[in-house]
Amino acid sequence: MLKTPTIVLNVKTYTEATGNKALDIAMLMDEISKETGASMAIAVQATDISLCANKVSIPVWAEHIDPIKPGSHTGWTLAEAVKNAGAVGTLINHSEHRLKLADVDICITRAKELDLDHIICSNNVATSKAIAAFSPNFIAVEPPELIGGDISVTTADPDIVSGSVEAVKNVDKKVKVLCGAGVKNGKDVSKAIELGADGVLLASGIVKAKDKELVIRDLAAGL
Amino acid sequence: MLKTPTIVLNVKTYTEATGNKALDIAMLMDEISKETGASMAIAVQATDISLCANKVSIPVWAEHIDPIKPGSHTGWTLAEAVKNAGAVGTLINHSEHRLKLADVDICITRAKELDLDHIICSNNVATSKAIAAFSPNFIAVEPPELIGGDISVTTADPDIVSGSVEAVKNVDKKVKVLCGAGVKNGKDVSKAIELGADGVLLASGIVKAKDKELVIRDLAAGL
Amino acid sequence: MLKTPTIVLNVKTYTEATGNKALDIAMLMDEISKETGASMAIAVQATDISLCANKVSIPVWAEHIDPIKPGSHTGWTLAEAVKNAGAVGTLINHSEHRLKLADVDICITRAKELDLDHIICSNNVATSKAIAAFSPNFIAVEPPELIGGDISVTTADPDIVSGSVEAVKNVDKKVKVLCGAGVKNGKDVSKAIELGADGVLLASGIVKAKDKELVIRDLAAGL
Amino acid sequence: MLKTPTIVLNVKTYTEATGNKALDIAMLMDEISKETGASMAIAVQATDISLCANKVSIPVWAEHIDPIKPGSHTGWTLAEAVKNAGAVGTLINHSEHRLKLADVDICITRAKELDLDHIICSNNVATSKAIAAFSPNFIAVEPPELIGGDISVTTADPDIVSGSVEAVKNVDKKVKVLCGAGVKNGKDVSKAIELGADGVLLASGIVKAKDKELVIRDLAAGL
């Protein structure tokens, strides 16, 4: 399981992080992680998992798995396939890829069966608490209205972070909690940890940055 | 564009065609294609596109693309990403991955923008005709109730094949028509061509075969 | 089938058109239709069909039917149920309730089986043409970006109206074409008819109007 | 809130329970409820809510609400609309109408805002526990594989009932638990109560019965 505190990057389907550009970011994070000892992971598109996993030491994750077993599921994302390509973890139920409640359960079960590390995304304290009932490795709370924005969740809505940590720990102490949305710098990271989180999940803060190295180093310094 | 008549294999998310096992099948098809001159393509999981495309000469396709442009779409399948990984074509609207009508339109537009070859799956004569309005490269008619079964569509429902060919050509002569569902041997392939189709789309017929080489050679002989 | 040219109102799930407020609008349209001879229909929420159908002479429609037959489909909208409640027609595939291509086919088939009049919504010329392949009674083209806006489709994008009329008639001359999005007054209606449409489909133009009677009379005058 | 122990009937979209046939069943339950004092409720199609609510004293419920507020949501089921038509409660997340996790949260919030009684359906102990985090009025656990079958969940899988009761009460003691799937007679009802449930949710057991009165009286006797 991902060492905490940690920084997890989700590169989504941004042009700036497709194919070799995803690899460039992964290599940069790998280098900085080695140098600083900061725990970092990168979730990339299914097409780019093997490309990245073959070249870097930091954990490479999938952005999604579907609630399926091997079989007749044309075009869906199979847990075995992402693992086989080199992923060691996966995001589940991201706000851009929401799942039905029963399917969140199935995806978590599938991840555990295959020993894939996993972060389940939630949107508020109540859904964080609900997800805790499944005892996943990680829950990442991200208010959808702040995703991609300029203000960090840790500033805009600190209570959702501390409230999720408290609600989740009350259900299952072993579940770790990340927070995300608007996270952009080391101060946001240290504030997240101060609020009780075990790290951050972010995307555009790194992917859309002009100087990615500068941003990653700053984030790492916040751990 | 795929040379016709052709045989297109969709490996779905079968265990027997994930990771290196997908590559094994692709290499077998590649060898037989070179030897016999038969036109063949293989659609694989997103995770396995680069693995296969780097090693074989036959066209490697994606099984699906989502109706999106680059951006914030965590875990969805981006046309640019599958192309970048080495895919030269993609299935769209497979019966196991149906799309909304407006999204079929968007996916075809995206495939054309990126010069990705494409097969749009339909389930009967009426939907084949509807899809023809978008002038895609290929339409593959597959009655859902026959998919994965033991009787070829060419035997069980020949009228759906000839009817789709006629309906599609009436709308746009340039659109090519494949048929699928239950296709297992060379006789099924030659019957498809006799009914006016430009080839076949199949899955379990090859993937679940004990002797895959025997089956692929037999299918190729039917062209 | 609805007499053309016609004005079809979709009340959506607006507060101003739920329950007795839907009935108030239906009665107003009924009165003006009787007085002026203008052909008008009102599509209301499933809960409000019997309320309206019992009290007015103009056709009362459903806003949606699901692609199902009677059986185990908790909470879905059954064609038999809306007909039984008094609806004589239904919208299908509205931009706020898009269906998969194969399900558009099933819904049209279900509507025809039950002799329910039907309007299939499309978003551009290509999807209008695709839908025409199913020979529905009506197609209503509505560019999603103009829905709910202040500028009528007939002004903002007249080519989408005339282009849809032409494309649809080329596939099946019997299919009638409506247009919608931003339609607010009699001038918009007469322009729609000038562009070859058989009428208009509108929502907020009436529902959100301060003086509904004034707006309905003005629209009717445009026929 | 529904008095417990209770029997809740979901008539789905069965032909035998559409329109006046739904009313016939509602009236039968009403009569038996008055006679025996048994707490019973009936969930009917949106089209049939006002028909039933106007004629019977037992609570009439909706089968579903969508996670929406009043506005532009053509064809969806608005909480305000079902309440306005006479429903005093609603099923949410039935196995035939599953919702995304975040939408389960929204629907429960909407039901509470409007003071609509509500039953959230779950499929196993883990999802029952997750739903309890939202503190709904009722949770009904129904293993999907037993729905519509001949063996009651209380016989086929008693542990899922007692396990759900325990898991739910551990999260929030005030949440009541029903069970469903295969429930057909009074013995199934009394077994459910013995297992700790506050009643049953059933469908075909009544709707498909030849002698509905006999079955309803038998079920009531099991309370």
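Some notes on this structure:
Which chain is which? They are A, B, C and D, in the order written, and residues in each are numbered from 1.
Just so it is clear, a residue touches a chain if its C-beta (ideal position, glycine included) is under 8 Å from a C-beta of that chain, and two chains touch if they have at least 3 such contacts.
Predicted model only: the values in this text are computed from it and were never measured.
The minimum number of touch steps separating subunit A from subunit C is 2.
Among the remaining chains, none touches subunit B as well as subunit C. Subunit A and subunit D touch with mostly matching residues; of the residue numbers seen at this interface, over half occur in both copies.
Remark: subunit C and subunit D have CA centroids separated by 34 Å (rounded to whole angstrom).
Chain centres here are Cα means. That of subunit B falls 44 Å from that of subunit D. Centroids of subunit A and subunit D (each the mean of its C-alpha atoms) stand 37 Å apart.
Taken residue by residue, subunit C touches two or more other chains at 95, whereas all remaining positions touch fewer. Applying the touch criterion to all chain pairs gives A-B, A-D, B-C, C-D.
Here subunit B touches subunit C in the complex through residues 93, 95, 98-105, 122-124, 126-127, 129-134, 167, 171, going by the rule given at the top. Subunit A makes touch with subunit B in their complex at residues 10, 12-15, 18-19, 45-51, 62-64, 68, 70-78, 80-82, 84-85, 91, 94-97, 147-148, 203-204.
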